[in-house]
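In what follows, structures are represented as structure tokens.
Heads up, the next two complexes both have chain A, just with different partners, chain B and then chain C.
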Partner chain A sequence: MVEKLEAEEKAYTLYHPRWFRPRVSTYWWLGRWPYLKFILRELSSIFVAWTVVLMLLAIASVERGPQAWAHFLAFMRNPLMVAINVIGFLFVVFHTVTWFNLTPHAMVVRVRGKRVPGLMLSGPNYVLWIAISAVVAWLLMR
Partner chain B sequence: MAETVVLQITRYSPERDAEPQFESFEVPFHKEWVVLDALNYIKDRIDGSLSYRWSCRMGICGSCGMMVNGEPKLTCATFLSSYAAKRKPIVVEPLRYFPVIRDLVTEMTDFMVKLRKVKPWLIRKEPPPAQGEFLQTPEQLDVYKQFSMCINCTLCYAACPVYGLDPVFVGPAAIALAQRYNLDSRDQGADDRLSILAHPEGVWGCTFVGECTRVCPKHVDPAGAIQQYKLVTALEWFKSYLWPRGTGKNSEASGAD
Partner chain C sequence: MPRRMSSEGFFWTLFSAGGVVAALLIPVHLFLFGLAFPLGWIDPPSHAKIAGLIAHPLTRLYLFVLCSLPLFHWAHRFRYTLYDGLQIKHLNEVIFFLCYGGAIAGTAIAAYLLWNIG
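Showing the complex of A and B:
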């Protein structure tokens, strides 16, 4: 009888039967591609920041003179830096593509009462991106 | 013998179990059967104690949401044939992130409280038209119609890791429904909803995982509603600096920081 009462106490709280509350694992983002993609997208911001820092370092070394610039170039040629920057570049591209694709969700543009299709919002982003990249490539290659 | 399919179903009885366990059931396979048909077969023929919610079986009532092979699904719209080809058991669990009452039944009070908080009804500051009904053009209807399709099935909450990790987050469906009324030409209650929505646990809790939109059976796009509202609150916050004494509307938009 006492055992039965104890079991009932465990099964019930004051107002309702005991609910099972599942715990969220620390690794919830592993194993499901959409979640992993989200975490990688968030992680990509670190590489965006990294790229900005590199750019600032490059400008600072140009400002300090030819010797500093040569030193900066040597630093960038280090295989470890090349490896980090290749990974960084892939992350920055991933960052750009995922955010461009999300633009139509966040922005609603209506023309004459009709919602403009998503491709009309993300498309110009891609066109501008490619155009600016082409100009930069032309400046570097010429 | 007819073809069969195995369902692995979460069983939990608060009186009997410390935590949920899986139980396997073999049911006949018919290509026109949905997961809910298989559950009804089990309850009618194999084990009457199996508990789950369902009502309309046509994707309107929003009661039969469960995790099917780890994905939030309306079981009335999820065909066995989509999974049978894999020859593996179909795993059916209660919706993720909600407390479980019994077997596949989740406790939804948290969602109901949040839904009420965003005041999902028409709020009028001025009296309604003295004669006849409110008039609305097709364009005015089109602005909010997508968000009005929500059936409160809470699949989006089960897809949202932010809600799982931070249960005070108002969540996708409640915010989408708040937007449904904010964007309605008849409504004048956007100011009343602002303090809940512009709160750090409102739209700013969202990190735009986007899974709520992907799993929504009614194509409501709650993630879109949240991002669009972030833009609104950011503008209101900015305006509150330009006109510190308020423009007469939305003057309490300080949650954007």
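Showing the complex of A and C:
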């Protein structure tokens, strides 16, 4: 029964007008800054993963002993690595800023019927970010 | 597609948690290990010191979170970048398994490394 109905529907679509679906260029995101910003933000995730890989290499080298640790530090001094990390650092900071600035959009807080300004919501994130970064740096520099 | 819809929420939660961890923790690590130590702005810790730091259970827990959740954040974003940016949605399954497979592999490596310390 169902099959028969489907068959009838298919027969009907023979006369269905073609959907209007214009072909979108693969480079659609190059045209306008908001689109480009979106793609750059998404690409920041590559450098997030890159940093994780570097940290795994660091942990593995520490485990293998002083020589491996020295070797890891020397590997990180490679100019190509430094160049990648300069670009990567800009991207991961871009992720942090865009992520924090999303908070007021994702979460609308009202106090006595008035909407709390975005900076009041994203501001604490920045304070927390700086505090945590300082603690991590302090632990490694001590 | 309907089969995947049910797991979408789970992956989105991992993406979101990973985004928070990445935003708060990743920049300082890349700054120190990728720029400050190699360029000599800050003296890198000696092996004894960093080994002592890693030996602490709380550091290991911290490093596990630092390594695992951001990878799932990456998997989600990279998957959709490939879908939308390059419009290769027809490779849906392949991309899905490569991205989340990568995140799971990274998490397993982190767990293995951090478990064996001591």
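What we mean here is this: the second predicted complex is superposed on the first by the 105 of 142 C-alpha atoms of A that agree within 3 Å, B and C clash if a C-alpha of one lies under 4 Å from a C-alpha of the other, contacts with A are read in each partner's own complex, and residues count from 1 in each chain.
Going forward, a contact is a pair of C-beta atoms (placed from the backbone, for glycine too) under 8 Å apart; a residue touches a chain by one contact, two chains touch by 3 or more.
Everything numeric here is computed off the predicted structure, so don't read it as measured data.
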Requested in this report: Mind working out whether A:W29 is in touch with chain B, chain C, both or neither, as first, second, both or neither?
Outcome: both
Requested in this report: May I ask you to decide whether A:V109 touches chain B, chain C, both, or neither, giving the answer as first, second, both or neither?
Outcome: neither
Query raised in the report: Touching A:M120 in the superposition: chain B (first), chain C (second), both, neither?
Result: neither
Report task. Could you tell me if A:E42 is touching chain B, chain C, both of them or neither one (first, second, both, neither)? Result -> both
Query - Superposition-derived comparison: chain B or chain C, residues of chain A touched - result: C
Query raised in the report: Which of the two partners, first being chain B and second being chain C, lies in contact with A:M55: first, second, both, or neither?
Result: second
Requested in this report: Answer with first, second, both or neither: which of chain B and chain C does A:A83 touch in the superposed model?
Outcome: neither
Query raised in the report: Which holds for A:W19: it touches chain B only (first), chain C only (second), both, or neither?
Result: first
Query - Overlapping contact positions on chain A, where the chain C interface meets the chain B interface - result: 24, 29, 42
Query raised in the report: Which of the residues in chain C end up touching chain A in this complex?
Result: 18-20, 22-35, 37-39, 42-45, 47-51, 53-54, 63, 66-67, 70-71, 73-74, 76-78, 80-81, 85-87, 102, 106, 109-110, 113-114, 116-117
**Report entry** Residue ranges of chain A touching chain C (in the complex, touch as defined)
**Finding:** 24, 26, 29, 39, 42-49, 51-56, 58-60, 62-63, 65-66, 69-70, 73, 76-77, 81-82, 85-86, 88-89, 92-93, 95-96, 99-100, 125, 128-129, 132-133, 136-137, 139-142
Report summary line: Per the touch rule, the chain B residues reaching chain A in their complex are 12, 14-17, 19-20, 70, 96-97, 99-102, 107, 138-139, 142-143, 161, 164-165, 207-211, 213-214, 221, 223-224, 227-228, 230-231
Query - chain B-facing residues of chain A, complex - result: 7-8, 11-12, 16-22, 24, 28-29, 32, 34-35, 38, 42, 102, 105-108, 110, 113-115
